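In the two assemblies presented below, subunit A is common to both, partnered first by subunit B and then by subunit C.
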Partner chain A sequence: MDLGIVLALDVLNGIASLVLLCMGLAIIFGMMKVINLAHGEFLMLGAYATVVSANAGVNIWIAMLVIAPLFVGIVGIVVERCLIRFLYGRLVDTMLATWGLSLLIVGLVTTVFGNTINGVPTPLGGFAIGQYRSSLYTLFLVAMALLLVGSVWAVLRYTRYGLIARATMQNPNMAAAMGLNPTRVYMVTFGIGAAITGLAGGLLAPVSGIVPTMGGAYIAKAFITVVGGGSAILAGTASASALFGTINQIAAFLTTPVFGEVILFISAIVLIRLLPQGISDRYFRRSL
Partner chain B sequence: MSRSLSTGLQLVLLAAAIAGVALAPQVLEIFTLMQITLFAAMSILALSLGFIWGFGGILCFGQTAFFGLGGYAYAVAAINLGDSTGAVFVGMLVPAAFAAALGYFMFYGRISDVYLGVITLTVTLILFNLINSTAGDEYRIGAAQLGGFNGMPSVPGLNAPGDPSAVLEPEEIWFVTAGALIAVYVILRLVLVSHFGRVAVAIRENETRASLLGYDPRLYKLLVFVIGGAIAGLAGVLYTNWGAFVSPTIFALSLSAEIIIWITIGGLGTLIGPVLGCVAIQAIVTEIGSQQEFNSNLVLGVILIAFVLLLPRGLVPTAQILWSRALALKARRGGAALFEGGPGGKDDHIAKAAE
Partner chain C sequence: MSMLRREFLKGTGLAAAGLVASPAILRHTALGQDAPILIGSLHDQSGPIAATGVPIVNSLILAVEEVNAAGGLLGRPLKLVHYDTQSNIQRYTQYAQQLALKDKVLVVHGGITSASREAIRPVFGRYKVPYFYNTLYEGGVCDRNTFNIGTTPAQTVEKLVPYAMSKWGKKAYIIAADYNYGQITAKWMTKYVRDNGGQILSTDFFPLDVTNFGPTISKIQAAKPDIILSALVGGNHTSFYRQWASAGMKSQIPIASTTFGLVNEHTTLDANESDGILAAYGYFEELEDAANKAYVTKLKQRFGADMPYIGEPAAGSYEGFMLWVEGVRKAGKTDREAVTAALESGLSIMGPTGKVVIDRPTHHAVRNAYLAEVRSKKFVVLETYEQQPPSDTAMVCDLVKNPGDNKQYVIEI
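Our next item is the complex of A and B:
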């Protein structure tokens, strides 16, 4: 019974981490049809921003919830202005350029900070389930993932910016004819996607090993979840994260973490083969 | 450039390359020779992706899957057989068979573009994870221990065909590796001028049109993919043989990325471009490795971004365009007929392939 609760918490944690990891990438891919291969490095920058400011004496919560998203958001806007905007509509070229960007960021961070950096301790402590112990931070991550999904939904559904963003996503030329400026919408969207990624990096900083190359460990998972989810930002990310998170954790529980990941990748390949347009385009056609 | 002149020039260049390979051991020190042996092995890998991406239109983000499988298959077979002759063929057959299975799964499922990239990248990660977790005595194939993240040390080197006692010297390994590079280049050239190669390029240009003409794009893409897999396997064999060692890092994402950089820089849609790009980048990375100022990732990233933004066609196609423009200008000055249309048509193809 206790073991069952622990396993359920693990599954929830897996799903929440995937949602946090993917949301920024999904927003950028879903709205702009840009695949950002530097996504993992944006996460890494978020984690570094958190760790560096926390080690400099800033409160850990401020470091993780304010500084990380702000910093990576600014980086995102600079990247969009200097690189991405020249490449709209050239999918493969954007992938190559962002791959170059990811190498560049890894190189820069290695040059500045070296190969290792002191991490931050996991805040909040733990609680007991029968004879097992679990971390309260896990529950905090789940709450943050829910909050993130809720706020993205509310922004897209109820605000003026959400309306503009959805209009631009559906038909940029028509939106431009109505007096909107798609270039600006794209810039802001890329910045928001980057900021959410930075937030995820900050939130995962206490529970992951922080090295300049840590982005590589996440990029593939984020990539397959977003592609598996399809073009609907929220429904796609949420359904794919729920599916892959569950598969990953249960498989990891039954075998080893390494095989859990292998099983996750294999099921993702099978899913993409069966539903090449993604889960959301098959089952949630008209959702956000 | 007229067709016969172009063919003639290619034959001259080929002869020069063979002469260069034959003379290299006499001029170069043994250290440099071993280094360019590595460059030659990697160039074969570059050719394999240059072929399937540039001429088959298949953007494979995980070409290292076949490279690594080739290396591991060679190591396992060479340890078990004790003779490298058969092991070389095993090292090409295993990745080719894997490419056939994966390609059947992808192309007959009509998966394209980004999804193809995602799947190939994921497959590489799966192989990396699997091989990485094979530490321990229970993971062995015959006499060969897979060794997990430690890799497989002391892989037997190439020997004279059928004679395991006659292990090749570094000089002879250079001849074999560089010879294989030239052979692969010539074979791919011949494939491209054959009926099969022309249909493959037609499919890259316009899949619907080609299938309306009665060609099955799935089959042709699959065959191109398998040829690419076998060549990448051969590169893996030569790479493993060069270092007498193979470890899971052979599947690493960073290497997959580097192949794509070689091709972007050298020029997509050419065969010589990927080879030049490969040698140039390898030389730069080696040079960076010998000093402390710059990180190699930093430099590679800057180079890749600069090429995508400023020179998206790569070096060789750009040089070809400049050359034919210069010729046209000369012809115009001399009052001869204008020379237009020819190179322009080719540009469009390359641009299309890059999209």
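Our next item is the complex of A and C:
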């Protein structure tokens, strides 16, 4: 029974991590059809922003909840202005450009901070469930993922910006004809996507070993989740995260972490074969 | 302006002519007596393994500079030909060929992970370039062209496991990195736990890119071991210790590790995440003897703030290098057969770790081993085991009887 609760927490943790990891990528991909291969590096920048400011004496919560998203958001806007805006509508070119960008960022961070592992201690602490122990930080990650999904939904659904963003997503030319400026919408959206990724990096920093190449460990999972989710930003990301997070954690618990990953990727392949357009295009056609 | 342009053209013309002529000049001096002796180095300076590779290369640079400052070797200066293998096995084989065929180095020190060693060892065997592998590893390599200077499980795991078991209990849970080092080290851990009357509850392997240890931590709690034996490797795996401590498990089940500290885990993690973790190696930066203090001071002076924690791989590489230098001195020439024979004659040096002797039948090192515990982000050395033989490899490998042997033996459980 206690073990069941701990396992349920693990599953929730897996889902929450995936939601945090993928939301920024899903927004950028869903809105602008830009495949951002530097996504893992945005995450790494968020983690580094957290570590550097926490080591400089900034409160850890401010470092991960404010500084990390702000910094990566600004980086995202600069990248969009200098690189991405010339490549809208050229899917393959964006992949090549962002891949190059990822190598550049890894190189820069390595030059500045070196190859050694950095990190910040995990705040909060543990709690007991019967004979088992788990981390309070896990619960915090779950809460943050829920909050993130809730706020993205509220922004898209109820605000003027959300309306504009959805209009631009559906038909950029028509939106432009109505007097909107898609270039600006794209820039802001890219910045928001990057900021959310930075937030994810900040939140994962206390439970990871932070090295310049850490993005690579996350990117494959982020991509299969976004592709598995389909075109609806929220419903897709949430449903695919729930599915893959559960499969991965349960499989890792029942077998070994190696088979956990194998089973995850096999189920992703099966899913893409059965639902080539992703979960959301089949079951949540009209949702956000 | 036209004057300037003419001068510019003249200048570049001269420079170009110089460049064209330079191979001839270089070749000319290469034939001379004072041409440098080329030493190959293949270590990762970037990518996930770089945290281990950077101190190794610094240590080798220091060794070369020391020998040169003392008048060189056989009257000739030494020169390190180093390639960054980028934590990529493909680069290892590519640069190994380059070192052997293009640079024609006399010896190669290189390889960090066991996977990289097994990629380049055959290359140097084929082209008859003596090869030194100076990192601690899982043991069993039996090859007359190769010298393995790092510690093997019989020197470290054999000390660590009984110490941890007598302190904490007999039921162990093994977590290890999923490649040849972790797989084989886990077998040795299993053997030593059973030899000491203990029991292995489970053995889990993790690919190097695993970062989420949540399910594993639950699994370990369900199994209720007395000790965790860890052979986790690299930056991503460091998150295990973090997640373990944040679940409040650190005070419940202690950890002994054969890899903790190799990528500076103890300086990265917070003291309350790492205090009390046991580790055994052939070297710790904190060793108190004078030879080590001098070595550490020289490295820190030479490389300043860029010098991270010095672990066994760096100190072992320094000693491997010095052993080869000693071998050449004894042989009086750089010829491969002569140097190998000199090294096989029971050659020894005093290094930062203490006395290091080459064991003739196995081409491994008889050396000191140390057991230490992490306390406030530093290792505190608890036990010293003088002059430990590589008895694991000695069980299966005898290069005196079978000089043609060339394989890595793997322990069967």
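Annotations for the structure displayed:
By definition in this document, the second predicted complex is superposed on the first by the 286 of 288 C-alpha atoms of A that agree within 3 Å, B and C clash if a C-alpha of one lies under 4 Å from a C-alpha of the other, contacts with A are read in each partner's own complex, and residues count from 1 in each chain.
Quick note on the criterion: a residue touches a chain if its C-beta (ideal position, glycine included) is under 8 Å from a C-beta of that chain, and two chains touch if they have at least 3 such contacts.
Predicted, not measured: the structure shown is a model, and the values here were computed from it.
In this superposed model built on subunit A, subunit B and subunit C take up the same space, so to speak, and clash. In the superposed pair of complexes, A:V258 makes contact with subunit B and with subunit C alike. Contact with neither subunit B nor subunit C is seen for A:T183 once the two complexes are overlaid on the shared chain.
Of the two partners subunit B and subunit C, more subunit A residues are in touch with C.
In the superposition on chain A, A:S267 makes contact with neither subunit B nor subunit C. Of the two partner chains, both subunit B and subunit C are touched by A:T110. In the superposition on chain A, A:G216 contacts both subunit B and subunit C. Note on the superposed arrangement: subunit B collides with the subunit C stretch 112-120, while the other options among 112-120, 166-174, 220-228 or 382-390 stay free of clashes.
Where the contact sets of subunit A with subunit B and with subunit C meet, they give residues 110, 216, 256, 258, 261.
Within the complex formed with subunit C, the subunit A residues making contact are 3, 6-7, 9-10, 13-14, 17, 110, 114-119, 121-122, 124-128, 131-138, 204, 206-211, 213-214, 216-218, 249-250, 252-253, 256-258, 260-261.
By the touch rule above, subunit A contacts subunit B in their complex via residues 35, 83, 86-87, 90-93, 95-97, 99-108, 110-111, 216, 220, 223-224, 227, 256, 258-259, 261-262, 265-266, 268-269, 272-273, 276.
Within the complex formed with subunit A, the residues of subunit B that make contact are 59, 105-106, 109-111, 113-115, 117-119, 121-123, 125-126, 129-130, 132-133, 253-254, 257, 260-261, 264, 294-305, 308-309, 312, 354-355.
Subunit C contributes residues 45-48, 50-51, 54, 178, 204-207, 209-212, 214-216, 218-219, 221-222, 234-239, 242-243, 245-249, 252, 263-265, 267-270, 272-273, 306, 308 to its touches with subunit A in the complex.
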